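Lettered A, B, C and D in written order, each chain numbered from 1.
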Amino acid sequence: MSVTYLEAIREAQARALADDPRVYIYGQDVGSFGGAFKATKGLAQQFPGRVFDAPISEDAMVGSAVGAAIEGMRPIIEMQFADFSTPGFNQIINQAATLYWRTQIPCPITIRLPSGGTSGSGPFHSQSMEALFAHYPGLIVMTPATVEDAYSMLLEAVAIDDPVIFCEHKFLYYHLKADKLPTESIPAGKARVARPGRDLTIVAYSAMVHEALAVAEELALEGTEIEVVDLRTIKPIDTDTIVASVARTGRVLVVGEAFPWGGVTAEVVARVATEAFGLLDAPPQRLNAKDTPIPYHPDLWAVHRPTARSISAAVRNLLQM
Amino acid sequence: MSVTYLEAIREAQARALADDPRVYIYGQDVGSFGGAFKATKGLAQQFPGRVFDAPISEDAMVGSAVGAAIEGMRPIIEMQFADFSTPGFNQIINQAATLYWRTQIPCPITIRLPSGGTSGSGPFHSQSMEALFAHYPGLIVMTPATVEDAYSMLLEAVAIDDPVIFCEHKFLYYHLKADKLPTESIPAGKARVARPGRDLTIVAYSAMVHEALAVAEELALEGTEIEVVDLRTIKPIDTDTIVASVARTGRVLVVGEAFPWGGVTAEVVARVATEAFGLLDAPPQRLNAKDTPIPYHPDLWAVHRPTARSISAAVRNLLQM
Amino acid sequence: MVTSPIFDLRPSDPTAERDIFVTTFRWMLLARTVDEKLAGLYRAGKIPGGGVYLGKGQEAVSASLGVSLQQGDVYAPLIRDGAGRLAFGETVIEALRTCLGSVLGPMRGRDGNVHRGRPKDGYLPMISHLGAMISVVNGALMAKRRRGEQHFVGATCLGEGGTSTGAFHEGMNQAGVERLPFVMLVTDNQYAYSTPTSRQFACKSLESRAAAYGFQAHSIDGTNLADCLRGLGSAVTQARNGGGPQLVIARLLRLCGHGEHDDASYVDDRLKNSPLGRDCMVVAEQRVIAEGWADKQEIQSWRAQASSEVEAAVVQVQTEASPDPYTERWSALKSTHLLDGFLNA
Amino acid sequence: MVTSPIFDLRPSDPTAERDIFVTTFRWMLLARTVDEKLAGLYRAGKIPGGGVYLGKGQEAVSASLGVSLQQGDVYAPLIRDGAGRLAFGETVIEALRTCLGSVLGPMRGRDGNVHRGRPKDGYLPMISHLGAMISVVNGALMAKRRRGEQHFVGATCLGEGGTSTGAFHEGMNQAGVERLPFVMLVTDNQYAYSTPTSRQFACKSLESRAAAYGFQAHSIDGTNLADCLRGLGSAVTQARNGGGPQLVIARLLRLCGHGEHDDASYVDDRLKNSPLGRDCMVVAEQRVIAEGWADKQEIQSWRAQASSEVEAAVVQVQTEASPDPYTERWSALKSTHLLDGFLNA
């Protein structure tokens, strides 16, 4: 048996529905159709009345989840694409994210964002929006990079008493496979050393973890040992694990697929600079997508986002510093 | 004669309307009423038909500005508060910001966001949203800190062929005064050394520039010379001016009023770490608001945001490092 | 619902017109008294936040919704709903604590003035973004239905200006699709801040929006308490009895500024002098007297009772501590183990 | 408007029913031919982006809007408007270049498939967010009015699902308030992706939304070209002649998947077998023959002409370069002096 990243997401939802009657799933086409990406396939049939279609109304989808959470439910909201969370943005950052702080009433909602680029998806179906949500207080932002994390972190997201933005990467949906679903997991909020190394640390998250691992493989053949840290959640960021890695390697490259101004890479580099200044043997570096919308054409897209190739170049450059 | 920051904004709009028939102003209550803050006072009367009220429809306000820009106009959109730009967020980042890149048709719109905290304004009338916009390609984000900049940068914003997010700080509206409107100005995109110094650089923008200057005054009495860099625009960021300042001082504290995850301070610290690593005598530091919504009560608010007091403490700490 | 300690205004016979009318009128009186006190405190510079937003002229419609709701219902009032809040079960002291920044208030100084509520009791605290509460009420109703609760209603309020928001549309449409027991009260007070309705919408009447969402429409004269009670009572009853979502449009004139900082000089004199410009308090009082439900003296005693409750509450709140930033828990998360250590150091 | 090189389908006598009908029918034929070609290229894995979104069954309504517009108008078509685009003045090659990722296409490979346009010619390229184009058209019309232009119209298209967005509401309301010469065409094809209308709205008919915005309502049978031409022609004319904004609701069934990846197995057989499930191409062809406007053979020759135009265009586009990422100007700003040097190093 093998299970894909997408199947793990489906299975986590099936288990959350089975384990907790307060859980329901709401989003466009998530009902009998099973969702645009089939992340809820069969769930409407398996859990009658608990997985149902929303109108094309992201604001109302999120607002209603907050209302249901106030009444003790634990809704999962599927955005059809992360990019379509913008009409729901206000309810996320101003309603959901502030509820607990304002009233002490928890807001246990999970918002699933099919995120990130895939070939040919273009400017409005490819965005990585984690930084927008991480900037606002009151939200937890998860960016699972593995099948195991997709499963266990989604279960955790549903169990957490605060709103969780669950950024699942569309590029990993079908291609990333594991042998089976995990029975144990690192808790949310903790980063993971995806590969140990001594010469340089790459901090990455979501799909970029795999690009980083590919580079680590490549450089290992040349005798360079790259440590890859997978952030797993980007709010909170596990600064300790990053600093510990930098302490070992003295060099750090932070890689993200999002736009280059601000975002996760800026936050991580800033923390490293502040907290691990004395541990650095060379300036910390970042690699992001280009500062333009995400292009449709596969050839443009392949250069717009960081890939093993551009990461490798950045690593080699940093190793020379 | 003296002119306030708010009057400068009004005067810049009056001049833009007078100089260019393609300019118009659209926003809630901006017409005969002159706007919630009176930033358009008298303009509807002075420029009949060119300054008019919008329904409470931020999405449509921005969308219509893009359409008008396609037809050659240069609209100014006033959001009643920056916080209410969220319903217009989608049109800003996905419509306005991508138009030129997609079609090569320029999108010369200016969106004015009355930003930042004032005492008692609470979580939904106090936000500093510049980082959200700066993260997205295709936008220019201005954060004027002085009366002169409020005037000259707003005129520039209207003249620029790209969408400009103009973050004017409500805290400065009435209190900040200058003798007269400027006749010359540093161009957009360039930072300004607001006060020269040799011991430590504070990089700040918008209202925080004044808190930083107060700290510089205070420390000057003790013989410590703080250099204060006012970013002026936060997209683009003038990295050269920052690096040059750090080259002089060796120490940098970056101060912003926004939430602490990501944002301007992370971006600036990350750039300093990467570009000025060898110039630093101590780890670069940041100071932001706390990671909660912005509190209503003045006593809470005063501690939530950075002030001269907390900046001074951070500076003293950094000077010891 | 926790009612005000001295004001436990439940009609003794809810079918008796007098009882309901007088009860509601007394909530209106209490709300007007609170508002006048707040206006005074504002002018005296005693409001920590600096602003107050009043419901003058809107007490009848607001209170009529409040009294039509009951325990187990969901209520998300808006900016001009001081009267409805009291009638639904807010206490005067809660209101004042929020406006005066007492740490004992329901928002503990974190949020202020009209942004207050008690979600556990079905009383939802508004955020500022207009229209945003509709779908929140929907979600609460969906949850109640899912849990098998019955005979509950959810209601929220908005000005006519707020109907121009996308959030209004999405929320209304969602309530229609789910056929929720939901009452949307839109009070058309002729202005959104300074903006007249001619710049706000182009429909002949806001009632026409009901059909667009599968709602039933009701029109009420917001200056006339009897009509407010009738219209809102009937809308709430229909929603409660399975009649699906209801849209109630009340017409009146805002009799104050947008906030107390605003002299509202833009308000058209013709509106002031039209029937819309009547003060619902005056109209209601005339009815009480005309019907012989109470005489001037009795009304005066109600007023005095309201005043003394409000004065006592102000005195008490003014002795209460404001929030202490140094003991404040600066955390937006319930999951303390997920706080970001770097940001919360 | 630049028309297709071999297709310069203007009715010779625009008042003659035959001319308009046949012209529109031929645009429909051309659009269907393009769509079928795209479906074939999709199945062959020749679409660089990987997806195509077709307008099968919607050609009549789409083309009828396209032919009703003229130079100086503003047109923002949506996902299923291949026919309208051609009729408005898009060339086959432009469409194919966009879908096949030629750098010579109007979007130069930066955006793809249905996201294309030529803003300078009043032909606006959609973004994906449903409802977002309405206010953009409004703004263009406001600008034209401000400049003193006359007799122009703006039109945009949406599916019934797209009417649930806040952007739809805000845009419609704005068009109403400004009383713009605007035509909103909503094609109710019974599904939004897989979602049936019962989960999308609760109004008895979408026409009821016209009154909510001060629009005039029109209903058309989207399977019937004659009715589409009548309804859209009349709506556009009324808008052009100062009749204010117009809402046109067309009913039909989507005869393809949401995209070509979707087998649309969820579509209700009863709908397929109902009058809504008729193919507008067939209905229109029958009319052409019944009226004696052309015979089978002539229609066959039109079809062949369409095919050869499309085939020729595909052959040409397939020789064209794709965008080169290394010479691409990676800049989202026109103001190159305001590019952030650090990000663009």
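Quick note on the criterion: contacts are C-beta pairs under 8 Å (C-beta built on N, C-alpha and C of every residue); 3 or more make two chains touch, one makes a residue touch a chain.
What you see is a predicted model; the values in this text were computed from it and never measured.
Engineer: If you check the contacts of chain A and chain D, which chains show up for both?
Structural biologist: B, C
Engineer: Give the label of the chain whose average Cα location is farthest from that of chain B.
Structural biologist: D
Engineer: Chain A to chain C: how many Å between their CA centres?
Structural biologist: 40
Engineer: Measure off the straight-line distance from the CA centroid of chain C to the CA centroid of chain D, and report it in whole Å.
Structural biologist: The separation of the two C-alpha centroids amounts to 45 Å.
Engineer: Return the distance between the CA-based centres of chain B and chain C, expressed in whole Å.
Structural biologist: 36
Engineer: Two or more other chains touching the same residue: where does that happen in chain B?
Structural biologist: Chain B, residues with two or more chain partners: 54-55, 57, 59, 83, 86-87, 90, 94, 97-98, 101-102, 123-124, 137-138, 235, 261, 275, 290-293.
Engineer: For chain C, jot down the residues that touch at least 2 other chains.
Structural biologist: Counting only residues that touch two or more other chains, chain C contributes 107, 110-111, 115, 127-129, 164-167, 170, 173, 177, 199-201, 331-332, 340, 343.
Engineer: Chain adjacency by touch: line, ring, star, complete or other shape?
Structural biologist: It is complete, because no pair of chains fails to touch.
Engineer: Considering only the defined contacts, which chain C positions touch chain A in the complex?
Structural biologist: Against chain A, chain C makes touches at 74, 106-107, 110-111, 115, 117-120, 124-125, 127-129, 132-144, 146-147, 166-167, 170-171, 173-174, 177, 331-335, 337-343.
Engineer: Flag every residue of chain A that touches chain B in the complex, lowest number first.
Structural biologist: Touch list, chain A to chain B: 59, 83, 86-87, 89-90, 93-94, 97-98, 101-102, 123-124, 131-132, 134-138, 235, 258-259, 261-267, 269-270, 272-275, 277-278, 280, 282-286, 290-293.
Engineer: Can you list the chain A residues touching chain C in their complex?
Structural biologist: 24, 49, 54-55, 57-73, 75, 87, 90-91, 94-95, 97-103, 105-106, 137-138, 140, 160-162, 187-189, 233, 235-237, 239-240, 271, 275
Engineer: Which stretch or stretches of chain A touch chain D in the complex?
Structural biologist: 28-29, 31-33, 36, 52-57, 59, 83-84, 86-87, 119-125, 260-261, 290-293, 295-300, 302-304
Engineer: Enumerate the contact residues on chain C facing chain D in the complex.
Structural biologist: My answer: residues 164-170, 173, 176-177, 179, 198-204, 208-209, 211-214.
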